[in-house]
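Structures given as structure tokens follow.
Shared chain: chain A. Partners: chain B in the first complex, chain C in the second.
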Partner chain A sequence: MAATSFVEDALRTHRDQIGNVLTRYLPDREPRRWLYDLVATYPSRVGKGIRSSLCVATCRAFGGTTEEAMPSAAAIELLHNAFLVHDDIEDGSLSRRGLPTLHRQHGVPLAVNAGDGLAVVGLSPLRDNVRVLGSVMSERVFDEFQMLLHRTIEGQAIELGWRSENVLELSPVDYLDMVLLKTCSYSTIFPLRIGALIGSWGKADLGPLTRFGFYLGAAFQIRDDLLNLEGRAERYGKEILGDLYEGKRTLMLIHLLSVADEQERAWLDSFLSAARGNRSAEQVQAMLTMMRSHGSIEFAREFSKGVASAAREAFDVAFDGLPPSEDLRFIRELIPYMLDRDL
Partner chain B sequence: MAATSFVEDALRTHRDQIGNVLTRYLPDREPRRWLYDLVATYPSRVGKGIRSSLCVATCRAFGGTTEEAMPSAAAIELLHNAFLVHDDIEDGSLSRRGLPTLHRQHGVPLAVNAGDGLAVVGLSPLRDNVRVLGSVMSERVFDEFQMLLHRTIEGQAIELGWRSENVLELSPVDYLDMVLLKTCSYSTIFPLRIGALIGSWGKADLGPLTRFGFYLGAAFQIRDDLLNLEGRAERYGKEILGDLYEGKRTLMLIHLLSVADEQERAWLDSFLSAARGNRSAEQVQAMLTMMRSHGSIEFAREFSKGVASAAREAFDVAFDGLPPSEDLRFIRELIPYMLDRDL
Partner chain C sequence: MGEDADRIQGVEWIRDLGSRAASEVVDRFICLLGEDPRPPSQPAGDERSTAFRQLRADLARAVDANLDLVRRAFDLYAGAVDRFLGGDGETDGRHFKMPAVLPGHRASSTLWIHNTAAAAASALTLHGSDLVNHNQNVIAAEAWRFEPSEIDIAPPGASVPVAVNLDVGGETAPGIYRGHVFVTNLPGEYLSVEIEVVQPVGVNQEQRWRQRAS
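== the complex of A and B ==
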């Protein structure tokens, strides 16, 4: 618990700082009602700020300053919010950070456009990097962002493809491959890589950071999937059991599909091939009961402990030789935090 | 007609060249079926190529080379296609370049994501500008692209807002303000500005190009709206009368709303406030008849001639003092081409 509150304190401090920076980037001009008010909606609903604080902390752990990392951290946060707007449309999600999703508030057309607008706003800090880091380093950071964007969109495509074609033959390895792209790229891997690139002024070996980011991000995603089933709605901010309504391929569902008997599998197949609107609360509860009785939730919980243990080993390699610091402690404490967090 | 065929020949030559460049930028890797095949769909349906050829021709008219303009021209074409994917979703459009729109082929979720993917692909050539133009000029070009993206999304927001709130009190000036942002930014103004910026190596005064681009783009959009009513489906590539089904605020509709009698206006209000799916073919035909009997189509045609005349004057200022060239002729001939084109 002490570790968790250390992380939460650090996140809170960081959020105050990045919040001011984000506000500066959000355009204060017309058209407000149909665009820039919508663009500002998700950034103004306070998120956890894990991604941007990871970038800043890594930069400082490698010897850089907050100022050097700040434009990139702001870009990460803004692009993250842009993804959320489109992801919520693509997933048909109902709530985000405790309030209705943007497309439920304004309709799909204006929300798709506002997501595009937020992505363009997210490019501005990358242009500001030139002032802070000079052209050559800014161009290297831009390359990292391009990879981040490509990987994230590729992961989202795979997850949507699984659902749209009702793919059932999936293993935990398929899940990890997808999460590596969809979640880890923008949540952990590239925040770490970009922070280390800037902080070490190009000298850090980024490979081990990718490896650490993969395990850390996978632990984050599995926890997120578990919270969707067992979290408290007022903390979690998204629709509890929404993943089941959406037919999302989580580790629990993949486990359940692999252990279900013939009759259960036929039932799951039929449930998952229905449109979201045709899935009833009773069916969703039946699936949750099935997951519980087959130990699928316990499986995912144990799996995430294994992933966290791999993250601890990868952390030691990725940050080997750096002097101890509060930032380094924050990054290391993020590993148990990922397993315990309730929002 | 000679002028039109000169423009069409030039466009054809340019399309062959840019087509090869675009192909190099489209990722040839997994996931194909759920992402990169979709990303390549619109770029591989041959468009007119007006935007990218305008950028290249302007660069050369100002003394630059094809090579210097090519990455920016490719970015313009790719980002244009990315906008089309999302616009088609936002407008509920059925056809694009003679085939079903991407979201009709693959569903909205995968199409939103593929539009994002195409936008990210469109950023790659901007990074390549560093190799061709050096860092400082590339950064100036990037700033132009950022303005292009902001303006386009702002214009789209206004047009969608008008429809979603069924705004009826609109004048031709409101229409031109919206078209300036939505159409002119990425179709004419920024292709011209970016071409001139590169070709003159930063020396050209970009203000007069913005002015010329505004009139040229407005002529283009009014013609596009007219073709939607009166074009031949096999040339036009989009759904004939689709704008009426979508309730799009065209110059013809704005004119009709301003001259309709009370009863007609009440009918139009009710038609335009219905969901697209509730608008019948009979109603759409009735609206077309109303536009014809009130001279709304003739009004738009005459209006576009006035805009073209302003474009000719603005052309002379924008390109004043440049030596005669085939590129300059192409740009000037685009003005009558905008009025006469049938695709």
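== the complex of A and C ==
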């Protein structure tokens, strides 16, 4: 079986399982029209389910069961969707998973409240952990979730701050620091840590898993940013070139800012200090052309390959000595699946 | 050829930059988490320990379930003791509330006396203080009646019931009266007591009708 097909089959199986679990947590009561229908909107749009799958597969690879990981996986999925609702508003994004963003469908006030609702619903599975894992392990898992939440909102604050104050003096390390907090924490690092914590019943060394999770998540994020510039809209699911309209500090933009001449830099400063609504399609195309001519896209692509290579090495250390299993194979094959897609 | 070599060198340099920058960032983060950034000397998975993993998980759950059972049993027992100590009055810690009474009637309740001493307690007697309301009206201590008048509580920690009666005089003013009940030889066993003397319903109307008639 081809690696991609194996990963996609495993993701599909997991999506069916987690979908049933999420349904149990989504409230089926009034007020539906203004709250709970909105709360269910993003979870019901089919995503890849990589974060929750990673948590479950890691738990099983370390000797645990699906049932033991499922409440934490559900919490990860619900909190991820809660973040997306608020991120879309903060970024002024137009589409999510191939459909209009929640705030475009229902307006910002109701969408903000629905995002809060999703975050509240996301806490319920953590309460269920006590029944499944006992109080001591549940407390340790809760500590991990608390770190996950703190790091994620810190990363989001840093990125929003960069855009709000039009910060231009940034390096690749600044970018990676932000990505670690904003993206890797809840996408890869903590799903891996939580899965291993439960699966090994507290025995796993979480440092190497953190390292692997960061490399995997960071390489994935750079690839995702590249797809935003060069991907196909029907597969990408989000607005192509949306990052340029948003003035998002991607590795490509950071590279461009570091190599642009004085005149180009002044133009970029002016473009990035304007509100999103005042950025025209022509300006966005001009910035894309500038990135191409200065090799910023090539730089980001090669940079991500360096991080991806580190991820492959870190995988071997993080999972060294575990018995072979389908779950371990799934995690290993997730690396090319996440890092080699559509570029 | 030279350009290709330069290009390859450039590509290698960028990839190396990516790898090194990412390593620097994650090392710092792992240190912040209070964990060791160096690779472990032991492999992540030890088959001997994973073989015992399920046993440890089951044990943790079992201990948790048993602790929960003990906690629930304690709550149940404590609730029962609490209710017994109150008899048909209401106790809240060391506070005992007798049922409300009309002037000229007897208030009755049951009080459980707990032997808090380390040894058997014998020839214990109960006695109550004067009860006073906010207007300094008094129900004298002589109004208390305890049955039996003398009690023995053989094993330490045991409890016995005592019938508590209070004869309220016909002229006693309505109001909430407060005082104490003590147990001889058990210095730790005393209760603050509260009883409400209520005004008979209809008295005011009857007085008003008499005034109209006259």
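Operating definition for what follows: the second predicted complex is superposed on the first by the 340 of 343 C-alpha atoms of A that agree within 3 Å, B and C clash if a C-alpha of one lies under 4 Å from a C-alpha of the other, contacts with A are read in each partner's own complex, and residues count from 1 in each chain.
Keep this in mind: a contact is a pair of C-beta atoms (placed from the backbone, for glycine too) under 8 Å apart; a residue touches a chain by one contact, two chains touch by 3 or more.
In this text the structure is predicted, and so the values were computed from the model without any measurement.
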**OP:** For A:Ser135, select first, second, both or neither according to whether it touches chain B, chain C, the two together, or no partner.
**Re:** both
Original post:
Where does A:Lys305 make contact in the superposed view: on chain B (first), on chain C (second), on both, or on neither?
Top reply: second
Original post:
Now for A:Asp320: first (chain B), second (chain C), both, or neither, which partner does it touch?
Top reply: second
**OP:** Determine, under the contact definition given at the top, whether A:Pro100 touches first (chain B), second (chain C), both, or neither.
**Re:** neither
**OP:** Pick one for A:Leu206: touches chain B only (first), chain C only (second), both, or neither.
**Re:** second
Subject >> Intersection of chain A interface sets (partners chain B, chain C) >> reply: 135-136
Subject >> chain A-facing residues of chain B, complex >> reply: 27, 30-31, 33-35, 86, 89-91, 106-110, 112-114, 116-117, 119-120, 123-124, 127, 130, 135-136, 139, 142-143, 146, 149-150, 153-154, 156-158, 160-161, 164
Original post:
Considering the complex alone, what residue numbers of chain A touch chain C?
Top reply: 61-64, 68, 133-137, 147, 172-173, 176-177, 180, 196, 199-201, 203-211, 214-215, 218, 299, 302-307, 309-310, 317-323
Original post:
Taking the complex as given, what residues does chain C use to touch chain A?
Top reply: 11, 14-19, 21-26, 29-30, 33, 35-40, 42-47, 49-50, 53-54, 56-57, 60-61, 63-65
